[in-house]
Structures are given as structure tokens and as C-alpha cells.
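Some structures are shown below for you to check.
Look for chain A in each of the two complexes below; its partner is chain B in the first and chain C in the second.
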Partner chain A sequence: MTVEKGNETVVHDLAEAVRAHDERALHALFDDASTSGMTAPEVRRALIGGLEEVRQNLMSNDASIPDFLLSLDRVTEGLGRLSRFPGYDRSSVEDTTVVIGVVEGDPHDLGKNVIAGIYGAYGYRVVDLGREVSRETFVKAVVQEGAEVLALSAMMSTTMVVMRDVIGEVRIKSPGTLVIVGGAPLNDVLAQAYGADGYAESAITVLEETERLMAGS
Partner chain B sequence: MMQEETVLSREFDGSFIRKLRRGVREKLGYSVGERAVPEEIEKTLDDAVAAIEKYTVFRVIYRVLPVGKIDERGIHTKAGMIKSVMLSRIARQCKGKRFAAFMVATLGGEYEGIGDARESLTERFVFDMAGSECIEMAADVLEAEWKKGVKSRDFAYSLRFSPGYCDWPLEGQAVLFNALDAGRIGVRLTPHSVMIPKKSISAVALMAEEVPVVSPCVFCQKGDCPWRRGAPDKEDKKLVR
Partner chain C sequence: MSEGSAGLLLKAFLKGRVPPPGLIPEGLLYGFAGISSARSHLSGLTNIERLITTFCHREPDHVPCFPMISGAGRRLTGVSYPEFSQKPEAAAEALLAGFDLIGGEAVVPMLDLSIEAADWGQTMVYPEHSTPHPDYADPLIKDVDGYERLKRIDFKKANRMQAMLETCRILVREVGWKGLVSGFAFGPLGVLNMMRGANHLFRDCVNYPAKVLKAIEAITEVAIEYVEAQCDTGVQAVALDTLFASWNGLSKELWEKIEGPFARELANAVRRRGCVVVVHNCGDGVYFDSQIRFMEPEVITFAALPDDCRDRKELKQKYGDQVVLMGYVDTPLLSYGTPYDVMEECRRQIEDLADGGGFILAPGCEFPPNGPLENALAVVKAAEMYG
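The block that comes next holds the complex of A and B.
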């Protein structure tokens, strides 16, 4: 009973440390979590709980983007330490594969990096192809990795048109893969016109949009 | 009006840096009197500003060319056509001889490399935001000086416009790069019209004896446009709806 209470406290404190992006507290709490026998899924849920709170605050304008990114960084670091906990099984958590990249000709990858970080934190298996990725590389990765989701980013009106070719080729080679697009010059009308299944307006809403697509709605 | 290219290099003084810090904090979502800036963000901002001071020099190249024919699709210059209905409407309202002032400016590539090498997403985000704010602020300072200069010669000046904004397609970068040898300040254009280094900006402004409309927003009904520009000073205010 005492141990369970201890776990609840650690879970609460882990979430709070993520919310407050307190690196020092998180380090100490990982030791507490380890000694109190917490499992990897429990620790992971606690970390995501804190991050989700900040994400909701960002959606309601009660947090800034850097606040969210600080918490995201803490979660990413934390997830990297989960292997020392019992019950750690990477494959059981990361059951959906997302291939992500910035299309050819576009050197802007900060937004893509944030989205990749969010997918990773929320338990997706992320295959990050980087920036200026060719159509062939996207298609090859989607097929080889058996990707359920392909996330494409473009930040310029001159490069977003490349998406149409990538999506067309993916439709032929991997028809079951859902394609979600995002970036400054895009909107939902353009996303549809390019043949994408979904449009991520921002890093805040990419999860809802991905979940909506996965649910088939 | 001089038609030769001019190259300027500037380092940033203390006053600019103070304004830059304030501007970046606001862009990051920490306006004065609202949210407190987290310690980590303040420290990263210190690092970004230190990198700007140490590794960047604001370099700009500009050139003024006479405007030729103005039709409904845009403005003709010897560097090519500026394909913008909005700019064409502004140009047609101008009085007297008209000129187009072309400009490309950059912070160089070294700063970008430092930002990209930072470990965390947060740090990369803050570095990127600081670089963007720095180049925009430096261009604003230059534009204000320039405006003062042309006013003293009885010329008026529109706001600056960049390809990729309003109705001027990004492919319009080609006209600017025809007008200017931007390689002299280390800026090149990719086949997709992307400027490298990324922390670079390009713009054109119209000059004439009278420029009664300085902003295309006057002609535009899109009230929720994030790029909608108000009046830069009192005398222009009446021109912007």
C-alpha cells in the first residue's frame, strides 16, 4: 500500500517536473521511480501526462511554444532513460510508424524537427529522413519501414508543389499509408488538392489530426 | 538617381542588441507584464545574442533602377517584371518619375550553423527566432535611414515588399537577383527560389516624387491577414484602411 502511494506521488511529481521543465527534479525522480519499482509504461505515462498538460495549455494560449518545447525536451530525455525500467519494450509502445521529412529543395527543418519530436514523445515510431528529401527516398522509406503515416513538410510555396509528386508515388507503392502535410504556405484546401489525407495546421494539432486519420474519420 | 550597386556592412551596437532581446522575447510569447521568461530560455537567448554579436555582420546590397512600363499585371524594370497586381496599383498612384529600390540583406551562414548544432529543440527554436528577428530589425533600421535619405532629396518611399508575400510569388526572387549581384554579400538563390543563407531577406520598395499609397493592404479586403501592415508613421496612417 505504501509503495503504491509512493508510486502515485512519483507519478504526480514526474508529470509536474515535465510541466515545469525541471531537469534537476526529473533526474532525482527517475531514481525515486527506479527504487520504488515503477515500470517503464508507468514512467512513460507520467511523462506524457505532464507534456499533455502543457500542450493543452498551449492550445488555450496559457503557455508559449518555448514552454511546450522545454517540456518536450524533458520528455525526450526521459524516454531515452526508460530502458533501465522493468517492462521496457520499445516495440509495444511504438506500434505506429511515421516516416517524416522535408521535401526536396526546402532547407527549413525546424518545424519538421518539432513534429518529429512530438510524434516520438507520444509513442510513435519515427523514421526521420531529414530535409531536402527526394521523392525516391520518401517512397523507399515508406515501403521499407511499412509506414502507417507519411508526414511531409514544406515551408515555401515553390517547394510545396513537390509534395504532389511524392504523394502520387506513395499512393501507387504503398496505398495503405496515410499522408499528412504541413508547413507555412499550406492549408487544408491545398493539402486536399495535392492528394494528402490530412493537413496539420500546427505542431499543436498534429496529434489530433493524425489520430483522426488513423481512426478513419 | 544612382543605379550602381551599393554594399554596406554593419555591426550591431548596444542599443540594437537591447531592442533585439526585447523583440525576441515578445516573439517567443513573453511580452512584458505577461508570462515570465523561463531561466533556460533567458540563458539560451543570452547565447543566441552573444553568437549574433560575435559571428554576424549585417550585410546588404542595394540598387535603384528606373521603373519602365506599368501594366495591370505588374511593374517592368530592366531587371525583369515584378509580377504583383498590388504593387502595380501602388506604382500607378505614384506621381513623377518612379524608381524601384532592390535590396538583399543577410546575417551570413555562420550563425545558422551554430543554432543548428544546438542539442535541444528549444535551443534551436530560440536561435532561429533570434536570427529572424535580427535580420528583420536590421532591415527596418536600414529602411528608416534610407527613407530619411530619399526624403531629403524630395523623394517619397513605399513600404518594402518581398517575394512570397501578398500577391508577389516567391519566384519573383529572380528579379531581385537579376538586379543585384547578391553573391557579393554571400547570398545565393536555389532553383526553388530559396535564399541561402536562410537568415537573409530580399525586398523592393517604390520611390517617386509622391507615393500617395505606401501599402498594398489599402487595396486588400483580407482583414485577418497576419502580414497586414499598418501605417509606419502618422503621415501614412490615412493611407491605410
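The block that comes next holds the complex of A and C.
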């Protein structure tokens, strides 16, 4: 005889599986969640709850980047399976569009990938343009997608200068779009000098910075 | 002092080079540093006197400075980045131009971080105005089984590493007693990162550590040959870059398991040749304690405070007696600050870190290749004025 788990237990275990980036446990727990009648928003909250704990641990250096990446993988997989649960409505979650990419000439996309994953997990609609993205491609995507946020990444001091041109062009073609920049050779002073609205010191602080910008503060 | 060491010392002197400090009997070295420190109250020291005094944690006339002009040097001689990276004569000329025109006590060919990976067979991209890098769309290690397929390469046929050795030979010959020349090698995990990509490697270190370790073992075997050969060119130090021993890389526990023991082998190989072991870092929250435990370096370069220090004063207090601290002017400041801003930041760092010796003023990482060279001059000037 199998004993059905209560919703609270499943929520706890789902979050724990994300924290421990335990793929096998997560698969089994999805069956439990389904059996116990959980809704898509409930499952989503459980997954994000686990990720949020890892993110907070990363901010306090009690977790490492590999830990966070693997937990993010579990959440991304989990979110991809939400459609089988009642109450699933993708559009109600993804109400803010973020266009993201690494600037031209720069092939380093780890930070960008983490940020894109975080945005996706926390309910943003993400248009990921990849790496070595030209100014024209950024501008076109921002306009076409009606992006509220443009997130630019550069990891080299030789490529970060491109950001200024991209931001200048976006200001003309899509003045309402908020621009946030990040990457190893940047800091807040430089971000401001380039004309960005915000600066994400790390992939982990990008959410707070985006929320601050969206709130207009 | 062994007969072998005496022979190597004599050979260096006869060739007009500074011998590797590790070959000099410790008593003699510290005596020399003490005399230099005392003499610095009366007259200026030579670059070598200043460095040896600093290595021995005695106060020189002013703090030594290493502006880390590498890729930026190519702008002084008008060579392209691909030439700088691949032609030893062009690289040496650019680096020597940086040393002569900008100043400082040392020169190091930090050409790029892909030298070893290119020789392992990684497809490369050589941009005209930017640092060479792997073609990340075509990684050499495409899946987790690729780690075990990595077979040892013939070091003698490794073109880019051999070109680096030739660059070192030229620098040692031309710099002579004017300063110190350091070699440079990427740690095995860094080399692997160039062939697999951080996106996958970070996950693989957690999920498939045994497979990753197989590749690390193969890379380390060649890396030992590489650093030994660098030492044999006559350099006095070798910088080892263990980028992933930081918050930007693996957890401390995982780094100690995956790269620590292999980094130790590399450091020991450098030390056996009498050269100074320098650990180069450009990450945040570097694991100084792990690096010291595994590599026992004489010098640690850093771009940000280590993970266990809240401020510069704590850094000096905790590690100032154990290693020579080398850093750590911010890359964005060097890229876009005014020379005056740069000098002010250098002054603050000197005030906090130079007391009692054991500090070298330097950028946190390579001077930005396309950054304003007047800011490099400002670093050198600050060392002379405030040090």
C-alpha cells in the first residue's frame, strides 16, 4: 500500500530536492505532487522556494556557483513540466520581457546563462540572444519583443566598451526599456558612465537590481 | 648549497642574469635584504634590491610595482593581437617596450589563457584587437566521456607553449639585471575550462569528479614539463593561475579535491628549480588559506579580498607575514578612471598594505589591453611617490 504525501510534505521535499539538486528525487516528487492534487502555482512556489534558499546561501557564500547552477537546472526542468498540473497559465507568470545577451566579440556566456536562468525561474519572459551579439541584433530584439528590460553582459575589458553603443541605440529606438549591465570588468561607476540604468554586481544580485529598477527607485 | 645550485648560480651570473632566488642560500638572501633595507634610508635601491628586500618582508626605499603591461604593450610597438600572441619576437618586443616605457620592477608574458588549451588541440579564435580565446562553439571536450579520451600531448611539439618559452628566453636575455622576469602558466582546471567551457565543467566537477580528475592528471603531467621548461629559460619566478580557487569558481572543498593536489605538484616543480612561486588570482573571495596550504607560494596576486578577510587591514594582519601580497588596483578604475583617481587609490592601498614590506603594488589582473596607458604610468608613479 502506498501512502500519499500531504501537500505540505511534498512542497518541503520538492524544495529540498532543488536545494540538493537531486534529479531522481525531483522526478519522483513530481508524481507525488500530481497524486496529491497540487496546482501548478503551488509546485512552482515549492521549486522557487528551494532555489531561493540556494541563492541566499550563494549571496552569503554558503553555497557555490556549481551548486546554484545544478539547482537552477532542476528548477528549469521542473518548470518545464508544470503544464501537466491544474491551474497552469504561462502568460499570467511571464508578464515582463527581458532581452539578454553577451556583447559582440565576447564569447563568455556563463554569467549570462545563469542570469537568463534566474530570470526564467522567477517568472520573467526571457529572450536569450546568446553570445557575441551585435548592436543591431540587440536593438531589433528589444523593439520587436517590446522588452521592458535589456540585460547586457561582458567579461572582457576589451569588449565591454561595446555596451555604450548598444545602450545609446536602445535609448533612441526604445526609450522605455531599462538597461542593466554586468560582468567581471565592470562596476557601478562604469555602468553609469555607459548610460545603463542599473548594474548587477553578480548573477545573484540581478533580481534585486531589476526589481529596484522596475519599481522606479 | 648543493653543487648543482652553485653551478646554476655561477651560470646565471656569468650570463648577466639574476639567478633564481631559491638557489641563493637563505642566510645570504636575508642578509642582503637587511643591508638593502638599511641602505634604502640613504639612497635609492636598484629594482632587484627592492624586490629581494620585499620578498624577504623588509621595507625597501619604496614599494615595488608591477603594472602588468602585457596585451597593452602591443600598442606601444604597433603589433596586432594575433602577432603578439603567436610570435615570440613580437611579444617580447611589446613586453619590453612596456617595461622600458611604463616602468616597474618585473615583466611577465601573460599572453592569454588559452596557450595550453590550443596545444591540446582546442580550436582557437584570434581577434585582431582582443585577447585570443577558444572557439566555445567547438569545444575539444564535447561530453563527459571526453575527459577520459584526453591523451597526453608531446610537449616538444606544442607550438604555443614552445613560443612562450622563446618569449621567456628573449625577456631574460634583454632584461638582465634591470628587473625580474616571471613565467606564467594556467592551472590544470583552467586549461580544462578552455577545452570544455565553464557551463559544463562546473557541473561536471560535481557530477563526474572522477572523469574530470582523469583529464586533470593528463594536463598536469604536461604542465609540469611546461613550468620546468619555463624555469630553465632563466626566469626567476613562475606565476600559476588557479582561477577557480575563489567564489567565482568551485567551493573551497571541491577545489581542494579537484585542483589543489595538482596545483601543489606544479608549485613544487617551480620550487625545485629555485624559482619564486607566484599564485595569480583574478576572482572574488579567493581561498588564500587553501592556496597557501597546497602551493606554499612566496607571492599571491589578487584582484579582490580573500574569502576570509573583511578589509585590507585584516588581510595584512592575517596573511602579510606568510606571503608577499601583490595587488590590487581595480580593472574598471584602470580602464576609465583618471590618472589622479588611480594614484589616489594606489596611495590608499599602500597605506594599508605596505607597512613592514611584503607588498607589491599592481593591477588586480593584467592591465586592460586597450586601457589608457597613462593610468599604468600613474600606478608606477604612485609606488615611487607614496611607497
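Just so we're on the same page, the second predicted complex is superposed on the first by the 212 of 217 C-alpha atoms of A that agree within 3 Å, B and C clash if a C-alpha of one lies under 4 Å from a C-alpha of the other, contacts with A are read in each partner's own complex, and residues count from 1 in each chain.
Definition applied: contacts are C-beta pairs under 8 Å (C-beta built on N, C-alpha and C of every residue); 3 or more make two chains touch, one makes a residue touch a chain.
This structure is a prediction, so every number in the text was calculated from the model and none was measured.
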Check your understanding: Based on the superposition on chain A, does the combination of chain B and chain C result in a clash or a fit?
Key -> clash
Practice item. Have a look at where A:126 lands relative to chain B and chain C in the superposition and call it first, second, both or neither. Key: neither
Check your understanding: Touching A:107 in the superposition: chain B (first), chain C (second), both, neither?
Key -> both
Exercise for review: Identify the partner contact of A:158: answer first if only chain B is touched, second if only chain C is, both if each is, neither if none is.
Suggested key: both
Exercise for review: Based on the superposed arrangement, let me know which partner A:117 touches: chain B (first), chain C (second), both, or neither?
Suggested key: first
Review point. Who does A:64 touch here: chain B (first), chain C (second), both, or neither?
Key: both
Review point. In the superposed arrangement, which partner chain does A:72 touch: chain B (first), chain C (second), both, or neither?
Key: first
Review point. With the two structures laid over each other on chain A, which partner does A:38 touch: chain B (first), chain C (second), both, or neither?
Key: neither
Practice item. Pick one for A:186: touches chain B only (first), chain C only (second), both, or neither. Key: second
Check your understanding: Residues on chain A in contact with chain B in one complex and with chain C in the other?
Key -> 21, 64-67, 69-70, 73, 105, 107-108, 110, 113, 156-159
Point to revise | Residues of chain C touching chain A in the complex | key: 71, 125, 127, 129-131, 133-136, 197-199, 202-203, 205-207, 247-251, 254, 282, 285, 307, 330-332, 335-336, 368-371
**Study point:** Residues of chain A touching chain C in the complex
**Key:** 21, 61, 63-67, 69-70, 73, 105, 107-110, 113, 131, 156-161, 184-187, 189-190, 193
Study note, to complete from the structure: The chain B residues in contact with chain A across the complex are 28-30, 35, 38, 40-41, 120-122, 124-126, 128, 164, 169-171, 190-194, 196, 198
Check your understanding: Hey, which residues of chain A end up touching chain B in the complex?
Key -> 21, 64-67, 69-70, 72-73, 76, 105-108, 110, 113-114, 117, 156-159
